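For reference, chains read A, B, C, D and E in written order, and residue numbers begin at 1 within each chain.
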Amino acid sequence: MANTASQTPALEISKLQAWYGESHVLHGIDIVVQPGEVVTLLGRNGAGRTTTLRAVMGLTGARTGSIKINGVEAINLSTHRIAHLGIGYCPEERGIFSSLSCEENLLLPPVLKTGTPGMSVEEIYELFPNLAERRNSQGTRLSGGEQQMLAVARILRTGAKLLLLDEISEGLAPVIVQALARMITMLRAKGYTVVMVEQNFRFAAPLADRFYVIEHGTVVQKFSSSELESRMPILNQLLGI
Amino acid sequence: QEKVTIGFITDMSSLYSDVEGKGGAEAIQMAIDDFGGKALGQPIKLLTADHQNKADIAAAKSREWVDTEGATMLFGGTNSGTALAGAKVAQEKKVVYMNSGAGSSALTNAACSPYTIHYAYDTVALAKGTGGAIVDTGGKSWFFLTADYAFGHALEKDTSAVVEAKGGKVVGAVRHPLNASDFSSFLLQAQSSKAQVLALANAGGDFINAVKAAKEFGIDKTMKVAGLLVFLSDVHSLGLKNTAGLQFTTGWYWDKDAESRAFAEKYNAKMKRMPTSIQAADYSATMTYLKAVEAVKTTNADKVMEYIKKTPINDMYAKNGIVRPDGRMEHEMYLVEVKQPAESKKPWDYLKIVKTLPGATVFTTKAESTCALWK
Amino acid sequence: MNFKNLAALGYGLLLVGLLAAPFLGVYPVFVMKLLCFALFAAAFNLLLGYVGMLSFGHAAFLGGAAYVTGEALKVWGFTPEVGLLLGTASGALLGLIVGFFAIRRTGIYSTMITLALAQMLFFVALQAPFTGGEDGLQAVPRGKLFGLLSLKNDLVLYYVVLVIVVAAFLLIVRTVHSPFGQVLKAIKENEPRATSLGYDTNRFKLLAFVLSAALSGLAGALKTLVMGFATLSDVHWTASGHVVLMTLVGGLGTLSGPLIGAAVVVMLEDKLGEIGQFLTDTTRIEWFSTLGESVTMVTGLIFVICVLAFRRGIMGEIIAWLQRRRGEGKL
Amino acid sequence: MEIFGVSLPGLLSQLLLGLVNGSFYAILSLGLAVIFGLLNVINFAHGALFMMGALVTWMAMNYLGINYWVMLVVAPLVVGLFGVVTERLLLRWIYKLDHLYGLLLTLGLTLLIEGVFRSIYGVSGLRYDTPELLSGGTNLGFMFLPNYRAWVVVASVTVCIATWFVIEKTKLGAYLRAGTENPRLVEAFGVNVPVMVTLTYAFGAALAAFAGVLSAPIYQVSPLMGQNLIIVVFAVVVIGGMGSIMGSILTGLGLGVIEGFTKVFYPEASSTVVFVIMVIVLLIRPAGLFGKEN
Amino acid sequence: MSDFILETRNLTKEFKGFTAVSDVTLNVQRHTIHALIGPNGAGKTTCFNLLTKFLEPTSGSIRFNGRDITREQPAQIARRGVIRSFQISAVFPHLTLIENVRVGLQRKLGTSFHFWRSARSLHQLDDRAMHLLTEVGLEDMADEVTVNLPYGRKRALEIATTLAMEPELMLLDEPTQGMGHEDVDRVTELIRKVSAGRTILMVEHNMKVVSTIADRITVLQRGAVLAEGPYEEVSVNPDVMEAYMGSTDAQLQGAH
């Protein structure tokens, strides 16, 4: 596991606070993710996990604190600049564009100048055969699950090495969930860094190197996969697993 | 002590604001100043408002001026709907109503009132003036391009009657919506009618764009273009190049004689443009009213009207004008033609008077009148 | 004092003010005109604020009814109450026709259908022989209410109009707080859900449309009675635009907003010149006296400011402010 | 040969003239559709921008002696720049709100702009002469076609097609279309959406101004010249299907032609016909001719 | 009356050449919980849309309680007692909880078009509304505005509103999607509770939920019925495993 202190973290969040309009949602989040790690954020509904990812992307209202991406401070950068630091973001609500076809949706995110090429369209279609079949359909005419696949597939092309994935197993058939699990394992093997928000603990548990539990906009627990067994009781209490 | 208060309401901000508008208010103010600023020993007050071409605003304002400001004379402006509404208010409130901007002949016919004085022109006068004169000079077959509005219809109907009465023929007409902007299609229809005269029974922007398109399509080479409702501001805006040779009828032209020139220069010094015939009429009408008040020593509308109706008007606007029982101010009108660019010697030197049309020949006659007050 | 009482106090004061207005030197005809537009705006708001349907053709109901009433009073010689009834009925009928088509579509498309149908009515009004073209239908007599009470006197007419407008306004308030209003609210919030609960949402929307149109018709009919004419500007699309502005300036979806909005807009139209003159006299800045010719410009400026600075509208902002204060009071 | 009492050459010439007017509709509604597409704003100020294009052209000629051809490029730039300022200063704040507010804001803006110019230039308008190169006309046998009108059709169709191509067939176009739906997400993919939005508005404004320049020699240049156009153009966009680029181009041209024929057969109704068509189209196709239903 | 509350015969829906639902013959037994599962894009949501007439079937027929309802309007079908929930939550966000439920109850009063009647006349429904809120455990929040509710509670409210319609048949589209574990359990329990005396047809990807409460399962694939039967039977069907469940391992775990 890549955990040498000398390395620059892929993502280093400290004292992150964020607001939606007047409601204060994040109250100081601290998260460090090393390159090549898979980290999962756990928590109840409304705990602020989605908001954490959105805050990293600069999609919330106001935010304060520090967000370093590969060592670059991003708290004051605008959203599109943040993306260019090498992040791929898959939103919870999927964000499939209805005025674009399935394939246009897939090709939409610009390839980032990160130096590493992303997956090719062929590779992606191999991973998600549904998409190949529906490639000329209007984006939002896809079924709920197909849209979810498309949302994930879309950011694999850009060459972004740090992926923020929000509830990607949501609404997918078990077979596809298994395929996604294999995909994440493969991505890690390829050196991607992944931050996942997951409700589906059984999906996330075998994949992640480390876990953070968020409650009311702060981190209340953090532990690595090796500590998972011992933490089960407390997780049970926090999340009702 | 009685006090003279004049309430002037016209279009100050849109379609018709160039022919009267602020300039009209200025002309009225000039008349007041020239009169000495006082009547019956009291300062004369002028109220102005923009009716935005809405009759309800015109009527409400007029009413309010009479009720709360003690207006003794209401001066209505362009736009027939507002004028008719205003005249109605004046009649109900028994105050003098003057108007020089609106063209509707209804003001002195079906809707005539003992308190209305329609001062400058109306559709009948324009029809008779232009129609008659052009048939006389050989324009026998006519095609109308008519704004699909009451004033357009009235112009077309009245002019057709004159043309036919004089032995001419109307070969066709096309009615276009107000603010039609593109006239090429209508003009081609006019052209294929093979008529000699193209009569434009429309006004303002429609007239201007129609003339421009006629020039562009070379219609003016095969047909004689006659404007039925044209003002100096229209000619100014189109330029002589586009309008040379155009004939129309007007009640006044600034370069008509020394008197009118004197007024025009004074006006020009203030407004940086020459007055239109309506603005000149505004001045004259105000003078007429003020003189009457001073003469009868009261603002009582009945007395003032009585005096005005029996006193001929002679000033820079009208020669031997008389206000008839139906409220129409009958005066000379002029058939004018737009000069060729080469003929124009100075700024605003646009028109030459082709023919003087005596008042009795251009306005509604007693026989034609539908006004109950003139029977 | 709680919110409800405050509102009741506000309405009470307004009503007392209106009752006493003619005796306080306020010009009754102007207030009547204001009342007509206030009713028009309130009727419009019933549709936009409470059903979420934006009609851009309300001029058709105002103007259509204005012509019918004018015709009834002037040509057919009916008494005013019959004229008003006919006007309202014609508003309702037009509303039924326009609404029938408009509810079949949603959003901007529905709005455009209302605009288009209203434009067709405008065309009819322009072409039809009885409307008098741009001269309008003039000199409509006020007549005698029930053949007995002469409305010639401004003051008498004023109280008649006031009673009618207040009654109509109460009807609107009641409609909003009725079982019907409750369903409308649900439809506005989530139409598919309302459908799945068994409501035939189109019929509810249609009834709301007809109600709004009928009341707009009443406003138009009253306006004819008060002013004595009906003209094209009542059926022109700008009148539809005007009522949108009144509602937004006053506060969309608030009961009192349209009243205030109508007052502000009508005042602007009618009184800006005087306000300008007053400002010139007090500040000695000559420029203000040109305000009278700049009604459209000032109106434009107000819209811009309204949208940028207080988009909840006047009443909307006041209510929000009161609620905030109440919220803080709790803490 | 006659059709309904009108000769065939007569009809042909009306068709051609209809196309000329249609070109103006097309180019104006195109701009409106582009702006609506990305900004979700119903740009009521489009008529005013059109007017500014014409007026700027006139001013350049009269105050600076700059000719038509230069202004064909410069006027859209100037008005586009005005668009940039407007978008940054005003429109920026209302994107998340209902259409109504955009409508109100741009309407207010229109009243302001028109008011300012009206108080300077009056309402009768200013004259602008046809450029030397395009004056005169060609006799087509069935009609005399002023060269300038032919030029209008060519110029605007070219601009329309170029715009359509960019939006429907290029990557930039895909960003635009996606940005229309979810600008924040497109930004999260690394696209500079705020700049894109600003430039889109500027582009829409420039299109309007381009139409304005084209119209200056045909119509009188007047502060109110855009006032009556806006409602029709708006109707065109709706008939074509809100946000559909090809829809507004084709509908614009088509409507010009239909209006042209109406001018022959029932001239009084020529400004109402667009609304009749709109109602019929919307009843048959809920999202306009080319719009996508969702 | 037949034993089946809902029967479809050869139900088919085509979208421009793409067949989303093909020849589906589905029989839902009265007083059971029937689950519709299948891979993504199998046509489950489309099926629901057809049953409630939010979409027009290309061909085939739908019978409810033995009566052909293929040609009826959505609102009409709702009034017959077929009520659906949506894949995304469907509440009236700016009404209070009790008002939400009352909208469901109000129709039966027959005064819904009475714009002249006071809204106070609706208070007679409050008891019934509170009762329904209690049933889903929301009684202490009756006067809150719905927007402020957590997701799971909104789902519960939706069910309460649906119950107000006294539905004979409830169609639930992924009722537990996007919920935390606690909420999943709560809603599962709730569905079981309200199924008493009713019939429920639900789409669900969460196998744990399906396995605990579904009496019968129909598996769709590419728009067509792949298998049907009780969970134990279907879950070991090799076709189903390949198309939907994936490895046996996952089946044992359930997807969640």
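Just so it is clear, contacts are C-beta pairs under 8 Å (C-beta built on N, C-alpha and C of every residue); 3 or more make two chains touch, one makes a residue touch a chain.
Keep in mind the model is a prediction, meaning the values are calculated, not measured.
Shared contacts of subunit A and subunit B, meaning chains that touch the two of them, come down to D. Under the touch definition stated at the top, subunit C and subunit D share these contacting partners: B. For the interfaces A-D and A-E, the C-beta contact count is higher for A-E. Taking each chain's centre as the mean of its C-alpha atoms, the one that lies farthest from the centre of subunit C is A.
Distance from the subunit C centre to the subunit E centre is 44 Å, each centre being the mean of its Cα atoms. Centroids of subunit B and subunit C (each the mean of its C-alpha atoms) stand 36 Å apart.
One simple way to say how far apart two chains are is to compare their mean CA positions; for subunit B and subunit E this gives 74 Å.
In subunit C, the residues touching two or more other chains are 127, 293-294, 296. Contacts with at least two other chains are made by residues 115, 268-269, 272 of subunit D. Multi-chain contact residues of subunit E, defined as those touching 2 or more other chains: none present. Contacts between chains form some other arrangement here, matching none of path, ring, star or all-to-all. Here, these are the chain pairs in contact: A-D, A-E, B-C, B-D, C-D, C-E.
Interface of subunit A with subunit D (complex): residues 57, 59, 78-80, 82-84, 89, 91, 95, 97-100, 104-105, 107-110, 112, 138, 140, 155, 158. Partner subunit A is touched in their complex by these residues of subunit D: 171, 174-175, 177-178, 180-182, 184-194, 243, 292, 294. If you check the complex, the residues on subunit D that touch subunit C are 42, 90, 93-94, 97, 99-101, 104-105, 107-112, 114-116, 119, 231, 234-235, 238, 242, 268-269, 272, 275-276, 278-279, 282-283, 286-288.
If you check the complex, the residues on subunit D that touch subunit B are 7, 10, 13-14, 17-18, 20-21, 115, 118, 122-127, 129-130, 137, 143-144, 146, 148-149, 218-220, 222, 224-225, 228-229, 260, 263-264, 267-272.
By the touch criterion given at the top, residues 15, 18, 37-45, 87, 150-152, 174, 177-183, 185, 205, 207, 242-247, 250-251, 253-256 of subunit E touch subunit A in their complex.
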